[in-house]
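Next up: some structures, all given as structure tokens.
Two complexes come next, and they have one chain in common, chain A, joined by chain B in the first and chain C in the second.
The block that comes next holds the complex of A and B.
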């Protein structure tokens, strides 16, 4: 089935169209809505966006591949992102990553990411985008077993 | 030691909701704002010498004037793409006092003659930008925003998607236009930025959040804090090997060591201080003996061969490996280079790979020379300051801690 936005997203798009002076500015918001709707950005979603903003598919693909948070492939796993940048590393992010890899890699996609702006809560990770800070291996076990 | 201007309401429960915000002074500066002509507001900001709080430290009033001098459609873009390692202050404003930011946006738009503002928030801050969006919705309901407001302003949150370079203002605007976040060439003479060809003011979240205090209390009240050249306060952030990492507002010019000990709670586990990266990962590291004399203002840190940057300090204790720390940062630069300029794209990749050899203690003397040479090549030969910043980071580590790198040579 070819991609289209659901009713809720179509009304969001209508509102957004009034907020920008040029349709091109809708590319990032439309990519986010497509990803939220399907959990990743399908190729036909990019085709659909190119029609809305009246630009070639290449422009959409170029943007979608530049930004690290856009997912172009489907995953059935929940996503954990572990911050690996300096304040987190100084506070033990390597141990956290190892604990996750050793115990949860079958059920979760575990990624290393650059600074998430949570250095006072180092080490930290996100679970499905939600911040979890001041991590210890025990805390990870508790959080993941409760979720 | 804490001085609370921007962070005054941070500790108040539910400070992000409009009823609590109104009870605690939010939107109270608007009466003073609208009682003055736009140029008078710009003059107050100039007199206050408010400096941009996103890292550059340029005088805000001058930028406002540049945007104001143009006729026709104009935009205000608030830079909330806070991605500099060690920096996490704007997140506090977005989640704890978004109405302060909205109040500042209204005043700034009025001053420069804009009716449209975008808050460009880094993609990772979804839950914090949701809080800000709720506050914007409330502000529309109370007619502080929208066509029924005393001065019409519309605010739209625009979410980035994970690219550090989009914190650079021209890359941010490219991204806001729906393109890859590639920085633009800089003009020779001062001019505003342009969004879809229209003059645009780009200011950091904390800069805009400082505006209501200045308008309400006057330029002199703001200048009563801080130093002559760096007036006012900053939401300094502290992290790394300290006991109480966090965001604590303080006057410019306070002693860095006192800040670390009193607000940061001192070095963790009773260890000795080895070094501090003073203002986000892009600012050159300074060793402990220099930290003793450092003060938290633009001029003091420049005098020590570093920079205040965003004010986000990363503290390293005596056990920290400088080789490993530099490796960590250079991997960041390699990952985040936008790839537009060859010296940056290739250079950051090269130095990242060389650092693997140092970490694994299989580097040669030639590797050290290549590291220095590539660093030199990256500096001053690119469109934006990303590569020069990486170069400054390398040079800082080698200047103060070269012996640790020599120990890794086989």
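The block that comes next holds the complex of A and C.
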């Protein structure tokens, strides 16, 4: 079935359209909503977005590949995003990433991302989009085994 | 008003782009992203100049001239700046010039020799990217050689408005690409090869055929349609190959084609390599035939004014009814360069008052027995029963005709043609001679 936004997202888009007089500016929120809806950005979603903003498909694809937070491939695993920016790095994100890679890469898709604005809880990661802060390897084991 | 560049005063107009002033005055100014027909983008920083009174170096492609602006393009400091920028551009470049088809006409190579000459500081492995990717429309992409100037991208987004090309990824990994499952697909696509300042985009049609430093070049005009786009014919003569013309490149003309060509016209150079091979008739036989009373001639509307005039005179002297019909293809033209009239000089036919009525031509053709064809495509491979046909041809013809005379094509003959906007343009002959005579010479012989 070809991509379309669900009813909730459609109403969100309607509000956004008013906020951005230049359609080009809609690309990011539209990609974001497409990813939220389907867990990744489908090719036909980008096609659909290109029609909404009236720009060539390549422009959308270009933006989608620029940002590491956008996923263009479907994964059946649950997603963990590990922050790799300064505060988290200083507080040991490297060790966290290694612990995750060594023990959980079979069952989880482990991604490195830039600062998610939770520096006060560094090092941090997300699981299914939810923030988990002040990480230690033990804590990871607890959380992931409980979930 | 004037500005001062490297201590030399230069005349220019208030508000001109410094970059254009430098280029128009042939002052060496390295640049990747700026192109006179694509405009400025300011992304490569290669065009840095020093401006008196400014703390930091400025890019020439974003600086407008003001009275007595003092510019240096050659100082020690500015060369150092250029050197560092170049080093950054080349950081991940594979430096495979010996096997790169752009070698010899590559800006990266030129600038390295001018300002670079450093040793690589890179201690980590270079980023690997895609090689020899077929983008479609005869264009091959090598992502590792790209300097991300976005000229090719701006061509597809701003000029053809087809938007096939873009940059994907970021930082070290950023690269030019078409989207998955998409191709470069427009009638002007091969311009990106010429726009690309480096060896990232090369032409499937031309690559690996010739080293560019073995080519000679002649100013000419495309004969593909009535637009008359300005071209360079790149050619050479090799011992064992019949092929002599290797490519057309665009030649800048602000009024007509800027720096662009359509792909059809660009590839029409191949016709120039297909000269007539076979037996050629005797001039005496033609003279004999001309004694017949009823004769008709059809002349190609792509012939030059000089050729048309000679044909016209020949026909008048020999009592021949002369016609010329345009090459119309309703599916060829578009709203940019290509025109439906695919003849190079139909405006010239009109100017010389040569009859171009198809109806009258067909009526006369019925009644007359001797038909002389001056390289017109319409009669080229047409069977004409019960008629004596004489062909003056620039190319091979299949049918057996009464008399055949081979003549030199426009790569071997200079002349003047008039384009669809009534602009008169000269084209010139290449250095090597055709084995066949020029039409004007041949007609001279027939006098």
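Just so we're on the same page, the second predicted complex is superposed on the first by the 131 of 147 C-alpha atoms of A that agree within 3 Å, B and C clash if a C-alpha of one lies under 4 Å from a C-alpha of the other, contacts with A are read in each partner's own complex, and residues count from 1 in each chain.
Just so it is clear, a residue touches a chain if its C-beta (ideal position, glycine included) is under 8 Å from a C-beta of that chain, and two chains touch if they have at least 3 such contacts.
Computed from a predicted model, the values in this text were never measured in an experiment.
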Which of chain B and chain C A:58 touches, first, second, both or neither: second
Contacts of A:89 with chain B and chain C, given as first, second, both or neither: first
Touching partner for A:114 - first (chain B), second (chain C), both, neither: first
Chain B versus chain C as contact partner of A:66, first or second or both or neither: both
First, second, both or neither for A:22, with chain B first and chain C second: first
More chain A residues in contact [chain B versus chain C]: B
Touching both chain B and chain C, residues of chain A: 59, 62, 66-67
Contact footprint of chain A on chain C as seen in their complex: 157, 162-170, 178-182
Residues of chain A touching chain B in the complex: 16, 19-22, 24-29, 31-32, 53, 59, 62-63, 66-70, 84-87, 89-91, 114-122, 126, 129-131
Chain A partner contacts - residues on chain B that touch it in the complex: 73, 82-88, 91, 122-127, 154, 156, 158-164, 175-181, 195-196, 198, 237-241, 245-247, 277, 281, 312, 314, 316, 320, 324-325, 328-329, 331-332, 335-336, 338
Residue ranges of chain A in contact with chain C within the complex: 43, 55-59, 61-62, 65-67
